[in-house]
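Presented sequentially are two complexes of chain A, the first with chain B as partner and the second with chain C.
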Partner chain A sequence: MSELVSVSPVEERAPFSVEKNLAYYFKTARRNLFNSPVDSVLTIILLVALAVCLPKAVDWLYFSAVFIGENRNACHPDAACWIPIINFVDYYIYGPYPIDERWRVDSAFALGVLAFPMLMSKKVPQKLLMAYVLLLPAVIWFLIKGGVGFTDISTTALGGVTLTYFLGIIAMCLSLPVAILLALGRKSRLPIIRWVCILYIELVRAVPVLTFLFMASLMLQLFLPGGVTVDVLFRILFVLIFVSAAYKAEIIRGAIQAVPVGQVEASYAMGCGYWKTMAYVVMPQALRNSVPALITNFIGLFKETTLVMILGLLELMGVVRATFENVEWVGMHTEGMLVVSFFFFIICFSIAQYGALLERRIKSTKH
Partner chain B sequence: MVTSTVVKMEKVNKWYGKYHALRDIDLNVYKGETLVVCGPSGSGKSTLIRTLNCLERHDQGAIEVGGITIADNLKDIENIRKCTGMVFQQFNLFPHMTVLENCMFGLRHVKGESIKQSQEIARGLLEKVQIAEQEGKYPGQLSGGQQQRVAIARALTLSPDIMLFDEPTSALDPEMISEVLEVMRDLSKAGMTMICVTHEMGFAKQFADRVVFMEAGSVIEISKPEDFFHQPKTQRAQLFLNQVLAH
Partner chain C sequence: MWRLIHHRKIKDLGLQLLMLLALGTLLVYLTSNAIYNMGAAGITSGFDFLFDKSGYDISYSLIDYDPKTASHMDAWIVGVINTLAFAILAIVLTTIMSLMLAVMRLSSNWLVAKLSLFVVEYIRNVPILVHIFIWYSMSLLLPSVKAAFSLFDVIFLSNRGLMFPTIEWNSSVIETLAMVSIVLVLGGLIARIKQPKRYRLMGILALVAVMVVIAELSSVKGIVFVLPELKGFNFVGGMTLPPEFFTLLIAVSTYSAAHGSEVVRGSIMSVAKGQSEAALAMGAKPAVVMHKIVIPQALRSIVPPMTSVYINVLKAAALGSVIGFMDIMGTMGGSSLNITGQAIECMLIVMVTYTLLNLCLAFGMGHINRKVQFQER
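Up next, the complex of A and B:
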């Protein structure tokens, strides 16, 4: 039999590719940019606009800009002045945090960043991961704010990136579990739990965050018995966590509804109870499906931390604005806002890319 | 021959709103017996077996499964579910777990076995349904027939006293039906108590101890397969058989 089948070695074929010479690029450009008269006109208008604006912008940002100098006189009126930004960069990161204690902030940053590779890795056991994410807020609170062996840092000494990070990461970590409970509550068969959850979610979604922040900072004192004060940081975190949890709860509820009923029945049919069924069968599938929407929500939450500025807490945006209230540098907001935008863009874009990576990984295990 | 009763149903009724899904069902199932439930679609076959493990609650009458009477007690319901294995039309394997993890699920989370012990039991059952070599794959990577065999293995992991099959071959391509029926045949021969809702009349003829014919929520006829297929007692069963066996 074997003679009938001739086995000739398969010739290695060169991978198929288009030679990318000048003509190829020319053709691609023509196809994408000048495909129709309207396309051509738009392309030309945009090119002209770019040609006019881009050199000016680059010149303003970099070439004519002043980086080193003693004071305001060193600056050029028609170009960016980066002197205050460079001088204050430490202040932007740590705010008025005591210099001797800055290592605590640094380690908190490191712990937060460590969570990302851990979430991606397939080797880290899930229980450890959950414990990490749930403990992280507490650890970060103690590291940055103090307590349990660390000296307490007053709330007014928290500022800049430190405060932004502090609020952002604690709210992110804690709002997810709250949201999961709210979503389950909203689908509960017990009417009282269901009604409370629905009422809560609908109420919180319909009122601006800012209102809640004001209420937490101003009104709460009216209701508490005299002398009792709750740290303003605590109150703000509470608002951030519980407001964003309401939005996340709706995302998760949608994802739970998308899990086929048969999945729950299969688990119940084996004698598994409600909580275990939710924890091992429904939630893993629902959370996977809601990654894109949750990432968007996380980004929104991170940016919402800038709102605390209104309550007199100086997070990044606050400290940057504060430098330009300084007599020496007054009125140079443009550069400051550019720096703030750049910072938020880098962080939020990274979160988005990270989300895309997670999605790709989930897809690779789904068939 | 003395046989013990595993399932007892007395005057069981169920309504979906105004729709009367089960009407006065009286049925006993004996240990080691293979019972095939057949009848036209919408006749209440699936509802009947789903009331046995409380996936549907009956409204009237009494049901006793494995010596436990179905009531509102959550503990009892879980115990009944532990001693009944169920196989669904749509397999309902957990897509985010591998084949092995699917089979370990009940052992780990319901029985609280160790990982090692669970793996051992799960592997043994996967071998029984001849799919052991696929243990690392996800359900989505398997054919329908393979998935259904895994689902049977998963239902067997808690060593149930009774197995419920809810149209196990209806969602399968024709060439995969036999591999699933083969597994069911082996189970039946090994003395498992089985209640099968199925349209596979060949299986009913060969392996059923009794055939239950249902229509419009009532049990119309219970007979031995040789009687049922050759001289059904009722006209309606005859009509049904004519339609099913026409080809």
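Up next, the complex of A and C:
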């Protein structure tokens, strides 16, 4: 016996929606702002504080502030004075870089920015990406510092954002290979190599970077044969690379440990040696997984480049402070420091958001 | 022969010997250069300079330090004590502020959560040196001593620093012993009362307060609070935290708290939601759920990353040298080095001291970590 069952097709459900009338907004506000008496009091206090402070701050920053003028007489005593910032903005970006060669700095900036969409995109072939990342420091070095056809720029002509960028990118890219070797050394089965790596990593991580920077500027001369001098910029770069490598080595070690042991065993079983296994099996997975942590590390390194100011190199913070040591603008540090903090906030916050995006993507492709 | 070279053990040994040889050669080369250069510059080596007179002043010191008689060793001790005092205060402040920022960030109040988000993201993404300079320029705007901000005429804030009262201990040994034994006996009794821990703790604190008041009011004047008082052009009595010290303290602890709050928030969010839901369903109040269910589980994943935040706080003391607060890096690695010229010895001492301090901190945090981990049996 068979029965014909006729089923009417399921009607498509209307998408869930709430009528957004005044009552809806009122309800949302009540749930999020006035949920309990304590909440209400907090909200009211904060709203009042914002209502008092915000107009004053905006007024100080923008409406009463003076933007155009020649000297400090044009400034208003109770408002921000942006005149030195606006007058010196070229100097803040390029430092004392020769004006005719500034296009080189611009193209170096562009190349660095281009790396972000490339790392994100899935269409760019892996090999091209690898080549780009490997060549980036070399190209930026030649563009900013000179070499292979570009005229050489003296190290004292590097300053401002240019120097911050130069130090950040070069130290980041060159410390990676050192970090990989240190991480592999720390996981090595050879005891002497392992202990040397552990000692190096732990010692460097225990001491402030400032100490190593001072050592580079004061002591390195002692260890070199008489008469040989190394430019202070290269000494600092050397320190940034080797200190940062110790921190990165720990990140990469964590990522190596996260690669399943079966992968390594399978590779050995196929007859691959140590270096082949590391290069083709372990490292591609480990590096891919350590990208978010490495981006966080890069943000830290980028912020740490401000320390070179203490040794007299004029990176962004140094040039901004230098303008306020000028008799004309002395005592107006606040505006300068605000601009520096805003610059770092924009750059570091965007990179951090980008890193979070990459992390979500890596997680979603894992399964 | 070829097979012997490719034997695994021999290969391993050869590789390691090669590395040792390379490192040794480098070390010998650098040392010989250093010996030659130091000889040429007329610098003596060795650690005898530690007992020579230092001859420079240190702006802030918790122990007596007289530049006329003190040695470099004393300067080093002052540096270590300054670093420790700074690190302890900064770590306490960092912990409190990270917790506050994390709780604010997770608040159901939209305004509070967004405010915390903005503060944390802005502070986190700006270099620590910028923070130090901003707070330092703000400390320069503080009023002079005569117009100092005061809190009940007990704590003062001016451009000379933060002044607060100190406690002076005038009692003799017997009186002290008597007081301590009374507190111990009564405290022991209170500790045995069958009441919640909170009440017992409050009882003991009240007992100590009563004893202090008795000592203060009695004719002997056992304990005296020394209040800072304005005399002439400066405050006399009490204790002073100079502007450099608390500027660095505020800058470093807000910066680390922004990092720490992300650690705390991540850990609280990683506690399975079912845990707090189950507790709420059993009728526990939200505060109890947070205190008894969520925080103990979150602590397990908070402690290890918080250790590295604390280590960064310790290392940040070195940055005080840019605004004139001298820690080990400022005394031994700065002024002593410049005066004696013995860079290698000074830097060696600085590095060893930092490493030891770090090891102590890491050891202590490791102990705490074992305490909060899940006890399987």
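We adopt the following convention: the second predicted complex is superposed on the first by the 351 of 367 C-alpha atoms of A that agree within 3 Å, B and C clash if a C-alpha of one lies under 4 Å from a C-alpha of the other, contacts with A are read in each partner's own complex, and residues count from 1 in each chain.
Everything below uses one rule, namely that contacts are C-beta pairs under 8 Å (C-beta built on N, C-alpha and C of every residue); 3 or more make two chains touch, one makes a residue touch a chain.
It should be emphasised that the depicted structure is a prediction, and the values quoted were computed from it without experimental measurement.
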Clash-or-fit label for the pair chain B, chain C on chain A: fit
First (chain B), second (chain C), both or neither touched by A:272: first
Superposition-derived comparison: chain B or chain C, residues of chain A touched: C
First, second, both or neither for A:303, with chain B first and chain C second: second
Touched partner set for A:281, first chain B, second chain C, both or neither: first
Touching partner for A:349 - first (chain B), second (chain C), both, neither: second
Contacts of A:262 with chain B and chain C, given as first, second, both or neither: first
Nearest Cα pair across chain B and chain C, whole Å: 5
Chain B and chain C contact sites that coincide on chain A, given as residue numbers: none
Chain C - residues contacting chain A, complex: 12, 15-16, 19-20, 23, 30, 33-34, 36-38, 40, 108-112, 115, 121-122, 124-130, 133-134, 137, 311, 315-316, 318-319, 321-322, 329, 333-334, 337, 343-344, 347, 350-351, 354-355, 358-359
Complex interface listing, chain B residues touching chain A: 53, 55, 74, 78-79, 81-82, 84-86, 88, 90, 92-96, 105-106, 109-110, 138-141, 154-155, 157-158
Residue ranges of chain A touching chain C (in the complex, touch as defined): 32-33, 35, 39, 42-43, 46-47, 189-193, 196, 202-203, 205-211, 214-215, 218-219, 221-226, 299, 303-304, 306-307, 309-310, 317, 321, 333-334, 337-338, 340-341, 344-345, 348-349, 352
Residue ranges of chain A touching chain B (in the complex, touch as defined): 260, 262-263, 265-273, 276, 280-281, 284-285, 288, 365-367
